[in-house]
Amino acid sequence: MKRKKIPMFLRFFALIPLLLLGGCNTEHFWLFNPKGPVAAANLYYMVVDVVIMSIVIVPTVIFTIWVISRYRASKKAHHDPKFSHSNGLEVLVWGIPIIIVGVLAFFSYEGTHAVNPWNPTVITKNPKYADTKPLEVDVVTTDWQWMFIYPKQHIAVANELVIPVHTPVHFRLTSTSVTNNFYIPQLVGQVYVMPGMRSKQSLVATHTGEYHGFSAALSGGGFSWMDFKTKAVSEADFNAWVEKVKQQGRRLAYPKFAAFAKPTVNLAGKVHYFSDVQPGLFAEVIKNVRDGKLQYATPMFLTENMDSKEFKQHSN
Amino acid sequence: MLVDLQGPWNPIFGRLGLLLEVHYNNPIIFFAFMMVVIGGTAALSWVTFTGRWGWLWREWLTTVDHKKLGIMYILVGLVMMLRGFVDALMMRTQQAMAVGPDSPGVLGAAHGYLPPYHFDQVFTAHGMIMILLAATPILVGFMNLIMPIQIGARDMAYPYLNALGLWLTVAAASLVMIALFVGDFSHAGWVGLTPLTELPYSPGVGVDYYLWSIQIGSIGTTIGAVNLIATIIKMRAPGMTWGRLPIFTWTTLASNIIALTSFPVLGVALALLTLDRYIGTHFFTADLGGNLMMYTNLFWIWGHPEVYFVVIPAFGFLSEIIPTFSEKPLFGYVTMVLASMAIAGVSWTVWLHHFFTMGASPGVNSYFSIATMLVGIPTGVKVFNWAFTMWRGKLRFPTPMLWAIGSLFLLITGGMTGMMLAVPAINYLVHNSVFVIAHFHNMFLLIVYAAFGATVYWWPKVFGFKLDEYWGKVFFWLFTAGTLFVFVPMYTLGFMGMTRRLDYIPHTSWEPLLLLEVIGTGFYLLSILAFVIQLGVSIYNREKNRVVASDAWGTSRSVEWMTHTPPPFYNFAVTPVIHARDEWAWRREHGLTNLMPEKFLDIHMPKNTAVPLIISFFTLVCGFALVWRIWWLAAATFAAIIIAMIIRSFDKDTDYIIPAAEVERMEKEIVARAEGRIPAGEPAPVGGGAGGAYASKRTPTQRRDND
Amino acid sequence: MSHANSNPIDHPEVQLASPGAYLVAYAAALGAMFLELWLVVAHVLSPISLTTAITVIALLVITVQMYLLFKLDLSKTQIWFTVSFIMTAPLIFMSIGLTIWMFITLMQRTMLPGM
Amino acid sequence: MSSHDNAPVDPNTVELWDYEDHGHDFIGTRTLGFWLYMMSDAMIFAALFAAHGVYVRNFAGSFTSQEVVHPMNAIWPTVFILSSVMTYGLGMVALKKGNKSGVVNALILSFLLGVGFLLMEWREFSELAAMGAIPQMSGFLSDFWTIVIAHAAHVLFGLIWMAVMIVQVAVNGFDQNNVYRLLNLKIFWHFQAVIWVSIFTFVYLFGAI
C-alpha cells in the first residue's frame, strides 16, 4: 500500500528533540555548573550513578535493538519456539542488576553523608575550611518572601542573600506559614523550610558571582515570584556590605517581622535591608508559629477569583 | 460551626452562598461549561431519539457483567484522560507564554492567561485525574475485562460489588467534573501538600472537592481489589494451578494486593486532613502539636505503592503482547512472577524517597535510598526477560507490538532516571524539579503505551473486529513524536534547574525549550485526532475487519483466546479444563482448537441490579453536600446509602439459571454466525462484548437459594 | 448442582466453631488485659521493661486470638486466610515502624525545645 | 517447570471441558472476600497507630496523656467488648448445631454487650469534653479522640449489622446468604476485639505510663 510510507517518514520527526541535547549552551545548565563543593559533590554522584548504570543499560539497549532487527519474521532467522528457560541466563538477569544495585548502594550511602544538609562532610571534613569561621544565616520564609537574618551581624535582608566566598555558610531555616524549599541550584541542593520546625543547610561558594535561588515547593499563589539573588562576594566586599546595611538603621523586631509576614507577592522583586535585628528573632518566630500566634490566613477572594487584580493588591 | 470559615454559611444551603459572591468572569470556564453542556445534550438526545434508554438501562447501567463493567471502566478512564490532557495543554501553553517580567497577560492574568490560583487548580486537577481517575480506571478496566476469562471463570467472585466499584469511580469522576463549574478545585498539588491544604491557606471548597472525590474513588478501587483478588484465588478453572496462571493475571494479583493494603492508608491521610478542615483538629497544622510532614508520610505510604499498582499491570500487558508477536513463550515465567511479587513487596518499604529533602537523618535517607534501588533489580530482570523472549523469535510488528516496544524503551529510560532519583545526593538537586516531572511522566507514559497496546491487542476479542492498522501506526508515531518533543526538553530543563508548578517563568533562558514542549503537545493533540479517526474508520469498516476466529492474532497463547469472539455473556459454555501454562498455545499445538463441547450444562448467572447505581448516586450527592457543608443533606444521603444496603440484603432474587438446552441453542447460533450462516447484520442476542440482553429479557427459571 | 453441600450449615467454616476455643481466647484476652493493667498501675517494672512487657503480652494475645478466634492455620479451608494475614502483617509493622523511626529522627533534628 | 507437556496427547480422550462443573464454594468465596476487606481495614488502623506513634507526646501545653487517659476506667469497656465477642462465638457454636433460637439469643446478648461498650465510651468522652479536653486542643488529643472513635464507629456499624442479622435469621433462617453473613459478621466482630486489645495496650496503657 502506498500510503503506508507516511508513518515511516514520521518516525524521524520524532528524533528531532534529541538533537537539542548536543546543541545547547551549557552555561544555562545550572546543574552542570556547580560553584561550590556541595553542588559539585551532587554532580559527582550524578555522573558516577549514570556511568555505572550505563555499563548495563547501553549493552541492553544495543542487544534489544539488535534482537528486534535480527529476529523480525521477514529475516527468517533461527526461530526457537520452545525456548523459554535457561538457568545460565536466569543467573545473568538476576545477577547483573544485583551487582549494579550493590555498587550504587555504596555510592548512595557515601553521597548521603557527603551532602547531608545538617553536616555535609564535603565541607566539615575538608581541611581547607577547618580554620575558617563559618557565617551563620537564619532563613525565614513567609507567604511569599524570604527573610535572611545574619544573627551575628545583627542585620537582615529580605529577598536577597549575600555571602562571602570560601567561607562555609550555615543556615537555619523555618517558615511562618506553609512549607517552602530552599534551593540554589549552583551552590546547594534542596531542603524543606517547614513552619514550626528548624531545618539546616550548609554551603560554600568557591566563585564570586550571582546565583539564582528560589523556593522549589509549591506554597500558594505568590510561589513563582519567590526568587532571590544569591551574591557570592569576596570577604572584603562582604564586610563592606555588612557595614553599609548597618548604616541603614531600620530596626527589625518581632512586631515588625509579623507585619512583614503578611501575605505579599514579591512581584516587583523588592529587596529590604534591616539593621539592629532583635536577638533571638528566629527562635521567637518558631515559638509563635508553634503556638498558633503567627498565622495569616490567605484571603478567600484571593484564592477564588479567576482574576489577578486582587492578586496584585497583595503585591509589593 | 466548629471552625472559622471565611465566607457565608447557612444551615440549609451550607456554603453555596459563596457562588453568589465569587465572580467567574473567565471565558475558559464558560467555554468548558458550554462544551460539557453541548456534549451532554448531544449524548442524551442521541439516546432519546434512537430510543435507547431501555437499552442503556438494561445493558449498561444495571449490568453486573464483568466485561461490560470493564468496558465502562476504560471509557470513564479515557474521558477523564482527555480532561487531564486539556489541563496539560493549558499548563504547557501558560508556561510558554508567561516567561519573563515583560511577558503579556490576558484574561485578567498578569502573565500568560491563567492567574496563579487558576493555574494551580489546573495542575492539581491534571495530576489527580490522570493518576486516580484515568490510569487507575483504565487498568482496573482491563483487569475486569480480561482476567476472569483468562482464568476460565464465568464472572467475578462478586459481580454486584464489581458494579458498585465502577459506579463509585464514576461518582468520584462526576464530583471532579462538578468542581469545574460549581466552586473550584484544590490548588495545592495532587499530593495535597499540608499545611497549604489546611483551612487558613485554602479557605474555599476546592480542597474539599479534592478530599471527597479521592475518598469516594479510593473506596471504589478497594472494593475492586477485594473482588479481583478473591476471583483469582477462588474462581480458577479446573487445572488452572498457580504455575499455569497467565502472567497478566499474576500482575493483576500483585497490583491488587498493593491496592487492597495501600488505599486504606490514603483514606486515613485524607480523613485526618478532613477532620482538620471540618472540625479543627491539629493533625497537620504547624501549631498546637500538629505535624505537617505526617500527611506527606501517610500520603506516600499509599502513593508509592500506588505507582506500582499502575505500573505492574502494564508489565502484564507487555508480557502478553510480546510473546504473542514473537511466536514464543515468555522467557522466564517463574522469574517474571517472582519479579512482579518482589516489586509489590519492595514498594512498601521505599516511600520516604518522595521527601528525602525533608531533612531526615542520613541513616534514614540511606535506608530508603537503598530500598528504592532494590526495586531496580526485579524491574531490570523484566527488561532482560522481554528481550530474551524476542530473542530467537519470529517477530511481527502490528500496532500492539509497536506500543509494547515503545513501552520497553520508556521503561529503560524511566528506570535509569528513577535510579538517579533514588540517590539522595542527586535527589537534593532534582527533587521538585521538572526532571522529576519528566521521570514520572516517562513512567506513566510507559503505562499509557502498554495500555494502548493492550487496547489494540484485546479489541478484536472484545468487539469482534480489528482496529485499523494504518491509522493505528499514524497514532503511534504522532504520539511518540509528542512524547519526545515534550519530555526530552523537560529532562533538559531539569538539568537547567527549572522547578515544577511555576505559573510564571522568571528565567528567559528556559523559553525555547518550553516552546518545544508546546509543539510536543501539538503532536499529542494530532495523535488524539488520529486515535479518534482510527476508531471511526475501524467501526465504519468493521465488517471488513471482522474477526470470527476465537484467536484474533493466530499466535496468542492464553485462555481468553479460547472462547468465542466476542465472548458470550457467560464466557464459556462449559468451563474449560486447563492442561498447560499457555493453554491455548498447547491446544493449538495438539490440534484441539474445537470450541464446541460435547454436551452442555445449566449455567448459573447473577441478575442485573440497579442498587450499585443508586448507592453511588447517593454517594455523589453526599460528597457534594459534604463539600459545601450542607449537613442535613449529607446525613440524609448517608442514611439512604445504609438503608439501600440493608434493603438489598433482603433481596433473595439475585441470580438465575440458563438451562443447558438454551446454552446449546446460543452456542450453535454463535457458531452459525461465525461461519456466515446468519448474516452479520442481524442483531445479536448474545455477544458484542456480552449479553445481559438475555439476562434482562427472561424471567428467572430457578433461584440460587432453595432453603 | 453448583453446590455440592446443599445444607449451608455443613460448610467447613461453620463447622470450625468450638466453644472451648472461644472461651480460652476470652479468658486469655481478659486475663492478659488485667495483667497489663496491674503491671502499669502497680509500677513494679522500670518504664522500659514495662513497655516491652505489655507490648509482648499484647502481641501474644493477638496471636492467640488469630489462632483461636479466626482459626488461622494451613488447612485447606483456611490457608488463604492465613496467607493473606501473613502478607498483611509485615506491611502493618513496616508502616508503623518506619513511620515512627523517621519521625523520631526528624523531631530530634527539627523540633528542639525552645528552638 | 517446562511450560509444555511434550507427551503425546490423544485428542479423543483428553478432557477439554469440565462436565462435572463443581461450581465454586459460595460461602468460602464470600468469607474470603470479607477477610480481604478486613486486611484492608487493618491497614486503616495501622495508619492510625502510626499516627499515634507520632502524636503521642504532642500535648502542645494542653492536657497530657496522664490527665486524659484512665486505664482503670477503660478496663470495663474491655470486659464488655471481649464478652460480646465471646457470646457471638457461642452463637457460632449454636449455628453449627443449627439451633436458630440459640443464634438469635446469642446475637441479642452480644448486641446488648456491644451497646454497653458504646455507652461507656460515650461517658468517657463526654467527661473529657466536659473538662475541656476536646480534639481541637492539641495534636495528641486529636489523635486520641480519632483512634478511639474510629474503633467505636466500627463497633456501631457492627451493631447495626447485628440488628439486621437478628431479623434476617428470625425471618429467613439459615439459608446460604445468612450463613455467610453470619460468618462475615463473626470475622468483623472478632476483629474488633483484636483492635481493642491494641488500643487498650498501645493507647490507654502506654498513655498512662
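We call the chains A, B, C and D, going by the order they appear; numbering starts again at 1 in every chain.
To be clear about the criterion, a residue touches a chain if its C-beta (ideal position, glycine included) is under 8 Å from a C-beta of that chain, and two chains touch if they have at least 3 such contacts.
As the structure is a prediction and not an experimental result, all values here were calculated from the model.
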Per-chain Cα centre nearest the global Cα centre, belonging to chain: B
Greatest separation from chain D - chain, by CA centre: A
Cα-centroid distance, chain B relative to chain D, in whole angstrom: 31
Length of the line joining the C-alpha centres of chain C and chain D, rounded to whole Å: 12
Centroid distance [mean C-alpha coordinates] between chain C and chain B, Å: 35
Sequence positions of chain C contacting 2 or more other chains: 1-2, 8, 80, 84, 88, 91, 95, 99, 103, 109-110
Set of chain B residues in contact with two or more other chains: 229, 233, 261, 265, 287-288, 290-291, 293-294, 297, 301, 329, 333, 358-359, 361, 601, 604, 707
For chain A, residues contacting two or more additional chains: 82, 84-85, 118, 194, 196, 199-200, 290-291
Residue ranges of chain A in contact with chain B within the complex: 1, 3-4, 6-7, 10-11, 13-18, 20-21, 24, 28-32, 39, 41-43, 45-46, 49-50, 53, 56-57, 60-61, 63-64, 67-68, 71-73, 77-86, 89-90, 92-94, 96-98, 100-101, 104-105, 107-109, 111-118, 143, 175, 177-179, 181, 183, 185-186, 188-192, 194-196, 199-200, 212, 214, 216-225, 227, 267, 289-293, 295-309, 311-312
List of chain D residues in touch with chain B within their complex: 1, 3-5, 9, 11, 14-19, 21-25, 28-30, 32-33, 36-37, 39-41, 43-44, 46-48, 50-51, 54-55, 58-60, 62, 135-140, 142-143, 145-146, 160, 164, 168, 172-177, 181
For the chain C and chain B complex, residues of the former touching the latter: 1-2, 6, 8, 80, 84, 87-88, 90-91, 94-95, 98-99, 101-103, 105-106, 109-110
Interface residues, chain D side, partner chain C - complex: 21-28, 31-32, 35-36, 39, 42-43, 46-47, 49-50, 53-54, 71-72, 75, 78-79, 82-83, 85-86, 89-90, 92-93, 95-96, 98, 174-176, 178-180, 183, 187, 190, 193-194, 197-198, 200-202, 205-206, 208-209
Of all residues in chain C, those that touch chain A in their complex: 109-112, 114-115
